[in-house]
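The structures come next, written out as structure tokens.
Paired with chain B in one complex and with chain C in the other, chain A is shared by the two complexes that follow.
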Partner chain A sequence: MNEENKSGTININILFFAKSRELAKTSRAVFAVEPVVQAGQLLKQLVDRFDLSAISNCIILAHNENYIENLDEDIHLQQADEIAVIPPISGG
Partner chain B sequence: MDYIKLVSNKIDIQQVHNLIVDDGCGACSMFVGTTRDTFEGKKVISLEYEAYENMALKEMSKICSELRTRWPILKHIAIYHRLGTVPVREESVVIATSSPHRAAALESVSFAIDELKSRVPIWKKEIYEEDPVGEWKENKECQWPQHSKSTLKAFDFSCCPIDQTMTSDNKLVQIRVNDSDLNRRVDCFLKRKRDEINLYNINDFKKQSSNDDADLTEEISCARTQSFLVKQQQSKGHLKVRRANNNSGPQMRPNYSLQLNKLMASQQRDNNQTENISLPSVRLKNIETYMGISSDDNNILNRIKELENRILLLESSSPEYKYLVSNKH
Partner chain C sequence: MFESEAVEKGRLRQEIDELTAELNAKKQRLSELVATTNHVDDDNDALSPNQIQGKLTNDDISRYSRQLILPDFGVRGQLKLKKSSVLIVGAGGLGCPAAQYLAGAGCGHVGLVDYDRVDKSNLHRQTLHTVGRVGMHKTESAKIALLELNPHCLISCHSRLLSRFTAMHIIRDYDVVLDCSDNVATRYLLNDACVMLRKPLVSGSALKLDGQLTVYNYGATGPCYRCIYPVPPPPEAVTNCGDGGVLGAVTGTIGSLQALEAIKIIVGLGDVLAGRLLIFDGSTLQFRNIRVRSKRVNCHVCSAQPLITELIDYEQFCGMHATDKDNPLQLLDPEQRIDAVDYNTLQQEQQHLLIDVRQPAEFEICKLPPAVNVPLAQILDDSYLKQLGPQLESKELPIVVLCRRGNDSQIAVQHMRNRFPEHSIRDLEGGLHAWSRLVDHSFPIY
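Let's look at the complex of A and B:
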């Protein structure tokens, strides 16, 4: 905890599904991020970190199982929060 | 009652039907989505489904709430989705509703499958005979916001046609800039208007008022001068010219050198009286000096003739002087 406070970031869990899971080569990862971050910024960081540029313009994020509708809004993150990378869905 | 489930084995349609059937319901409606064997000419062997399971269950639950808001008479709702590998012909999704009358049951099932395809985080990958790696599918109902500039340009305007019958106030304008730029434009407009007003408030000339001095001082004005604007008839200039006839002041200062010269001349004249120079001769000499002629001729008539010639020359070169002199008479 002390080290986290020093760097000013917290650790959150990132979940990957479908195409994004294949590109990231993992279904979940721990990611250090600022506690308050603009959704679009977070998306960009994830795209850069996990090689998601192939689908970067058609993915959205979910924060603790709720879609983030607006990429311009700030999201307030807590330690161990869950961010899911959601490529276009194809259920049914 | 709402029945929501993600299952990894074959869905038992009869079992789902048994869940929703009810003594008070005259209608049970069921949609069954099954795996198709071809896609764009490619032979599909099977479909692989995966889900963000907790969130998928949440979203399916939200769909149930939505259905009950829209069709309050619905009795039971069941939404089952299969995950993992689903072979061709087998069920991947089953949605069933029951209600006293068929309209609600039929409509709600149709609505529910559209909603499920557009918001429940489930993905399928088609595995083809020629391509065992497969391809992730995208539902056309899935309206993820696109955030690249290229897709913004490719926006399909035909999907939201402009209603030409809409009337709007002619005074309204549409400005497509962000807030900061809008504020900057408003500030610039205000500043320009303020400068314009300030410019109009500066009067170079006061308005011509009555002769009453009291009025003049009471007038509120930012004028920089106390002058008046007077336009003269047939005049190109805007300013009235007044000729000043001053009887005193610096412009009336006597010509001291001229006075001194006169005094010196009279002194010389006094001294020359001993030389018996006649008075007419002295006066003639003074006139000659004044006219700028120096003559050594002793014949007085020749000297007068020379003065007359001088006057004629001056008159011919400055005729107005002649008229000025003649008008005095």
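Let's look at the complex of A and C:
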């Protein structure tokens, strides 16, 4: 990664739900990321940064309220885009 | 005098229970007879408007008038509902409001599955149960409430744990299934069974102030639970309502919406929440509608070439029991634990440090007087070292760790013993529940 890429990051909003909110200890955060990133890579960055390893296999990500279906694909992000971290809830 | 009053009270309670059960059986029989008669009338499916009108009784018309006048619902919707059967799995925080709205709306047959009995701690959210019915099967308690609301509804009670051996047989008879359960294993079981039997599954869940809702296995492209969550979460990442807490208005919100989706499916009304996941955040009161995937082409159960073609052992698959009851952990050796009776002696005779590792909100509910509150998270991230500082210096000062039921306390002791192998660090076996049971009966339990 060269310097130009590093400085070329944008800020997106991460929303945490249910268990991920507990683990991240916050319900939202601003996160700096490259504008084009592989979805799986973004997930990994979020898991590392926000301590989500306990649920990393069972969270879904939504980009501006759209489910990210394929973790191998690149996603194109814009400043202030929203990524929601959604683990299942099983209580009732 | 007091003795005989107590005896009389007990006898009266028992007699009332028996009479209630008998009354209940008669009501059930009557509704079965009513249902059979209706079915004879309902044989012809191709209905002209006049015939349709003829199918609703005067009682139906006045009872359902406020929904009958809805243009998209109408007489046709009411009749579809009357012929429909819905299975509600879990007669708790989600199942009670769902059943209430379905029975109220005139759903012809509601089945209830729950192995559990009514507990006082259910009443804040499980709206069909009452103080007087604590101890009764939840299914039977809910049935009494539902028949009071709508005696025309046939209510079937399945008062056993849903298992891979019973699920197919029970589900087969219903048109729509509501997942109002409280554990991961049951959620996968229900999903797989509904895929195999081609039943739409209206899935709701709630915890703390959060809720989720979606409809699985609906329409040609609608995903199933496994399409979205192919892998169950690890047991340590799952919180149940007993440990995490939940507000009744949150389960009430989600349960009501489950009834709405079931009605829409039955009547063919509006856009069903399939392929979408509703995320409810009660703390900000925001509803988010996430467009989720369609069917996963390699889904283990709902794809064209499924790997799972009959029900499996879901408790094993999830590594968790199919209930929301806590499983007692067994992490420590016996000498690393102290039982409540021995601790009672110790606390009177010896200086010691008592650490309560519950959340502050729980510590506020009730505590043992000498306890200091250090939540488990602060033990595990070692910030307790700073908080307790000098008290940890001498290995002569015995340390006892406690929590509500004696699970978290063991995790804390394990962690602390690694750092202080020479100290006497033990956990109070069975936690405050054991304390209340064995030492101080007046100590509140929750």
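The rule is short, and it goes like this: the second predicted complex is superposed on the first by the 82 of 92 C-alpha atoms of A that agree within 3 Å, B and C clash if a C-alpha of one lies under 4 Å from a C-alpha of the other, contacts with A are read in each partner's own complex, and residues count from 1 in each chain.
By definition in this document, a contact is a pair of C-beta atoms (placed from the backbone, for glycine too) under 8 Å apart; a residue touches a chain by one contact, two chains touch by 3 or more.
This structure is a prediction, so every number in the text was calculated from the model and none was measured.
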Per the contact definition in the header, classify A:G40: touching chain B only (first), chain C only (second), both, or neither.
first
Just chain B (first), just chain C (second), both, or neither: which does A:A54 touch?
second
Look at A:G92 in the shared chain and tell me whether it touches chain B only, chain C only, both, or neither; answer first, second, both or neither.
both
Which of chain B and chain C A:L71 touches, first, second, both or neither:
first
Chain A residues where the chain B and chain C footprints coincide 17-19, 57-58, 60, 62, 65-67, 69, 84, 86-92
Per the contact definition, I'd like the list of chain A residues that touch chain B in the complex.
15, 17-19, 40, 43, 56-60, 62, 65-67, 69, 71, 84, 86-92
Which residues of chain A touch chain C in the complex?
17-19, 22, 27, 54-55, 57-58, 60, 62, 65-67, 69, 84, 86-92
Can you list the chain B residues touching chain A in their complex?
33, 49-52, 54-56, 58, 81, 92-93, 113, 116-125, 136-139, 142, 144-148, 150-151
Could you list, by residue number, the parts of chain C that touch chain A in their complex?
90, 92-95, 180-184, 187, 204-208, 210-212, 228-229, 231-234, 236-241, 244, 246, 251, 254, 277, 279, 281, 283, 288-293, 324
